[in-house]
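Take a look at the following structure, please.
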Amino acid sequence: MEKIKTLADLKKMQENLRAKIDLREKSAQPETHIQVKVAMATCGIASGAKEVMEAFVEEFSKRNIDAVVTQTGCMGYCYAEPTVEITKPGQDPITFGYVDVKKVSKLIDKYILNNELVDGIIPVNYQSIDKH
Amino acid sequence: MGKIKYHMLVCGGTGCHASQSDQILKKFETLIHDRGLENEVQVIKTGCFGFCEKGPIVKMMPDNTFYTKVKLDDCEEILEEHIIKGRKVTRLLYENPETGEHVSDSKHMEFYKKQIRIALRNCGFINPENIEEYIARDGYQALGKVLTELSPEATIEIMKKSGLRGRGGGGFPTGLKWEITRAVKSDQKYVVCNADEGDPGAFMDRSVLEGDPHSVLEAMAINGYCTGADKGLVYIRAEYPLAVERLKIAMKQAREYGLLGKNILGTGFNFDVEIRYGAGAFVCGEETALIHSMEGLRGEPTVKPPFPSESGYLGKPTNVNNVETYANVPVIINKGADWFAKIGTERSKGTKVFALAGKINNVGLIEVPMGITLREVIYEIGGGIKNDKEFKAVQTGGPSGGMLTVKDLDTPIDYDNLIAAGSMMGSGGMIVMDENDCMVAMAKFYLQFTVEESCGKCSPCRIGNKRLYEMLEKITQGNGTPEDLDKLRNLSQVIKDTSLCGLGQSSPNPVLSSLNNFYDEYMEHVNLKKCRAGKCKSLMQYIINAENCIGCTLCARNCPVNAITGERKQVHLIDQEKCIKCGACMEKCKFNAIYIK
Amino acid sequence: MEMVKLTIDGKPVEVEKGTTILKAAKTVGIDIPTLCFFELKDMSIENRPGGCRVCVVEVKGRRNLAPACTTIVMQGMEVNTRNIRVLNARRTVLELILSDHPAECLTCAKSGNCELQSLAQQLGVREIPFQGEQSTYRKDTSPAIIRDIDKCIMCRRCEMMCNDVQTVGALSAVNRGFMAVVAPAFEMNLEKSPCTYCGQCVSVCPTGALTEVDHSRNVINALADPTKTVVVQTAPAVRAALGEEFGLAPGTLVTGKMVAALRRLGFNYVFDTDFAADLTIMEEGSELLDRLTRYLKGDKSVKLPILTSCCPGWVNFFEHNFPDMLDIPSTAKSPQQMFGPIAKEYFGKKLGVDRKNLIVVSIMPCLAKKYECQREEFKVNGDPDVNFSLSTRELGHLIKQANIDFNSLPDEDFDDPLGESTGASVIFGNTGGVIEAACRTAYELYTGKKLEKVEFEELRGMEGIRHATIDFDGLPLNIGIAHGLGNARKLLEDIQAGRNHFHAIEIMACPGGCIGGGGQPYHHGDSMILKQRAAALYREDAGKPIRKSHENPFIIELYKEFLGKPLSEKSHHLLHTHYFDKSAGVFVEE
Amino acid sequence: MAKIKLSEKKLEELKAVCKSFNNEKGELINVLHKAQGIFGYLPAEVQEVISKELNVSVAHVYGIVTFYSFFTMTPKGEHPVSICLGTACYVRGAEKVLEEFKRVLKIQVGETTPDGKFSLSCLRCVGACGLAPVVLVGEKVYGRVSPDGVKDIVAEYNS
């Protein structure tokens, strides 16, 4: 990695990164560019988030689905760990709680492939500062 | 692609569950089935909306219509009107309490979302191990801004104007602390991040470090720029391996990107960070003890003044702030002091992260604006008390805090109000207790913690807390006298008055606040030898109710000490001498034949 | 100097900026009680952890009470040291401390000298309202010091002495919370630690947690045994401090009364360690001259500087910490250990008493001497050259037990021949005294000229590390002096690093030298007492008719009759020793 | 006391650790962390070596080891069992779980079973409060543990 030498460079980098994200989120192909974030803080991992993440990766590659699986920090819903957030292009992200390996295929079958929701949705009950 | 047109989200949280959300869900399913709409409408049980006061809640997707206080009788109307006719059922819409207007789209219902995520803004959003995701979300912009556009003085002025106070417990104004450290002349200064989160039941700092380590690094660099330090130290619990790992990755990436190290962003400013490990001592959350621990010494506090800002790590001026405090800094710089100061109360600005735990449905991490009430936290975010028990108390501030009760439910939470209510903000642990929790036993639990964690340096804390614990033990064993209660209060007062550091000065708080709020419970223990919560083993007996017992022998077989006797099909008896009050018999009994006296 | 104005108990006070409330209060006659606080003024020894919380006072506007010993005065401060809140808190804190302290005052060695006991009296504690567990630990008896740390109150004075002042590192605070206590590593016996037995921990301990091993019973038994001839030797520093045990002003010389008391206790011969000190000068001084002359002649095998070896705490210290420098100190034994063989092999033989039946008792200001006389190399077929070593304090108790009214005793003289001494030997008790005594003799032997002024003022004083250059008739002799082992360490490290070039160095383990020894009457942190003792010894020296060791007629006779000359084969056999490497760990072999 | 010889290899490793911290006194706690990583615990001989390498007294090292609860002088069992006694776990019955572990393993807190298989300790909050009460066996986290479940957990490691 080349060091960022000025603030202008940093800003340019940010723009590029944002553009990439936008491309993904506003993609016209609904079945591609699906993003799955798995909450992988201590409590998540303790409840099996690692296994869930592995299951997603495995299933996606088995079914040849173009999706990005990433880890993220604590979403705050400790009572419902492991939690995952799924973002389909052009749609609001939805958070599912109580996810285990079994539920992974259900989520893929129903929500990702069929746009049907699945039990265990966690309603977002906070404001992010982006809009504030 | 499925043909589902509508999703109906029915809250399955415990609070709503109690108000028949289950039946509502079933009713919808039946109605849909009856009308043959299975392929168009799907009913989904969700987690708690945290808005239990207005439950049960039904949310319609994709149009985000939010129906509150839905009753069984309303189901048909919703289906008919909303789904078939496409009209909203106005009377069930959420009513804005201020304007009285009905609000249909929950997207415009931000005010129902009690939480505002500032410190936690990136937690759960970004991959903490990828600096680019942080940069994409304004990461290191604040650092860039102060380094190129603002003088240290101007930056400190922003911090002061924002009203940010230390989130580690004490609540000292952050900007002022920076200013004091800046004013001290020295060839070397340090900034420290206190990540020695020791409150049992609190894990805010860990979550921030695990979820958004760069925000802390960025803020430390800003702090270094303001105070004149080129070296930062993160003092972190060794019990947090994941946080350590992510922090290390973040440091490495920040160095690779030139955001830590020499000549950051070409401004000539140098700053780098090192990690120091705690090793399991609660007292090291106190800044002088923390500094001694970083120096490789016993983590014993020393008398202040001198404050670390004058003489800290290796005798040099040192600015110590905690993780959550740091996590707020980049946002304040980016969005401005005024934006931040608009959130919160007169003297407590911004938000506070709490770790909500205990007898509450939505155990988790929340970030709420200062000034929110306990009631909102418990019933509108926390989803209410678990198993529909009665709320009894909330413990804030961990072992240094006190208990808040029903009478405090509507007090706006901020630094000063919590102290006035006999507790404190602390680092943000919030433990909810219900009717089954004994307040004397809780006080004893916290004292046991303090006794174990006291460093032993000053006598009031070393010996005094031990004596407090012993007196509480005496009371929970049924050997207490009314004089003990006076002694308890007096000794608590002296320990508060004479202890060396914050740990000792606050350690009697659980005792004093429980004495103040639950004196009758203490009196019951002392006078009636009774524990109403059924927690104090010495004060209770497991008894078999002869009327219900059918002699199935299940209890006898499960008793670990063979204290239960009785022939098959005969009423059984518990030998109170042998009984160790483990409660296994009661848990096992299928006939409700065992009760606690 | 910037001044700060404040009021204490309503009285206006003006003190220098940086003063503590405790000291500010003292200036207006307000004596705030303390417990953990300790200082030896002008000797940079201070302990103020702010831990006991006995000295708390109320400061207007402050939420909690402030420890007077560590709180610095501020402009306009209003302090109250005795309102009901303060008194109640202070007494409660003391009651808490007492609730974790064995109530064994009647049989405690420290009774009457215990600061905790007097504080309980001062604050009028009549009962201890708190009952509960007491922290208990194993009692540890070493050759010199007993640790009964059930009585430890965590004042940390011993830890400060052992680490900050002496840099011995035998003790540390260990564990935490209620079980926190000061102990050696792994809570092992002190004997397994690098303890030097300097006894400074004992001399500052406010309670009976650290005391000396009491040998007075052994002495009483020996005195009562008709088959034994019991001789006693008294170290120089004892005469300047013993009076304090009987209420006499610090610095009162009680040499004559001490001799009288010892005689009344039944000792057959009352001798003086000073005699052996003169002998030490003969041997050590000759060794210095020998090394010096060879060095000046270009002999590269000669090691300089020569280090004194009179102090057993110091000997233990370098054996533990400087194993690569074992050949630098003088091989001369300490005066106590020179006295032993002379008494048993010379005087005893003269009397016709077998050494087994000749009991040598020493009265020492020192606890390390108890260990020293038990060292294997100072025994002949298991029989120690010096049988028992008592501290000044133990002698005081012994005199009281024997119903002797010390203060009304007449002055009496030491017995001959081992009781005769010079002024040079008397000042052995002060820091710088040994080297001054050595200079008096070495000068005359080296230059062959008579020394007109015997006082070397430049070698005296209380500064921790001192340097001086003495003109040996054209030869500038560089002298280094250190007292306190921490200072000694600094000096030695300088030598190791080649930063300093001395010909001779005197080192004493205890602050002030032997007058501040671990076996002396408790000074309770009053450094004036140490200074008065030192002055007393210089007074005694000044009053002596003979003030140079080599002029002691009995020493001259001893050489003529028995030893031959200094550094003779017989001297080497009886009066010199060698040192051991004790740096190895307890658990790990290198 | 017999002098115990540390394995030459581990001893070298330990000295290398000290050296990697420049044998700085101030790095004592970091060194102890690493040493505990190497040996699993901090026996007296390890402390003695560290004291020599860092030029601090053994008493000081011991003072540090006994101050911080993370450091231990007793070897842990093959499967160290830790019961979270944080407040969240406490109010959800962690004490009963602890009692059951003591009963099943027949050891007290801080002890190791005679066969060296299990050791028992308490800790404060692993941050998995949503799963309270929480038990750790080695790295593995067990959530919502009831006294009934204790036997099963132990059995997992006893086969």
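Each chain carries a letter (A, B, C and D) given by its place in the written order, and its residues are counted from 1.
Heads up, the rule we're going with is that a contact is a pair of C-beta atoms (placed from the backbone, for glycine too) under 8 Å apart; a residue touches a chain by one contact, two chains touch by 3 or more.
None of these values were measured; they are calculated from a predicted model.
If you average all the Cα positions, which chain's own average lands nearest?
D
Write down the chain pair with more C-beta contact pairs when A-B is set against B-D.
By number of C-beta pairs in contact, A-B is the larger.
Chain A to chain B: how many Å between their CA centres?
Centre-to-centre distance between chain A and chain B: 25 Å.
Approximately how many whole Å separate the CA-defined centres of chain B and chain D?
The computed centroid separation for chain B versus chain D comes out at 27 Å.
I'd like the Å distance between the centres of chain A and chain C, where a centre is the mean of that chain's Cα atoms.
About 73 Å, centre to centre.
I'd like the Å distance between the centres of chain C and chain D, where a centre is the mean of that chain's Cα atoms.
The separation of the two C-alpha centroids amounts to 43 Å.
Indicate the residues of chain A shared as contacts by at least two other chains.
Chain A, residues with two or more chain partners: 41-43, 45, 77-80.
Residue numbers in chain C touching 2 or more other chains?
Residue numbers touching two or more other chains: 173, 175-176.
What are the residue numbers in chain B that touch two or more other chains?
203, 206-207, 240, 281, 298, 357, 363-364, 452, 455
Looking at the whole structure, which two-chain pairs count as touching?
Pairs satisfying the touch definition: A-B, A-D, B-C, B-D, C-D.
Give the list of chain C residues in touch with chain D in this complex.
Residues 163, 168-176, 183-187, 192-194, 585-589 of chain C touch chain D in their complex.
Could you please specify the touching residues of chain A with respect to chain D in the complex?
Touch residues, chain A against chain D: 41-43, 45-47, 77-81.
How about chain D: which of its residues touch chain B in the complex?
Interface residues on the chain D side: 24-30, 32-33, 63-64, 67-71, 85-92, 96, 99, 103, 123-127, 129-130, 132, 147-148.
Which residues of chain D touch chain C in their complex?
It comes out as residues 1, 3-6, 43-45, 47-49, 51-52, 56-63, 66-67.
What part of chain B is in contact with chain C in the complex they form?
So the residues of chain B in touch with chain C come to 281, 298, 300, 302-303, 305, 451-460, 462-464, 466-467, 470, 487, 490-491, 494, 496-500, 505.
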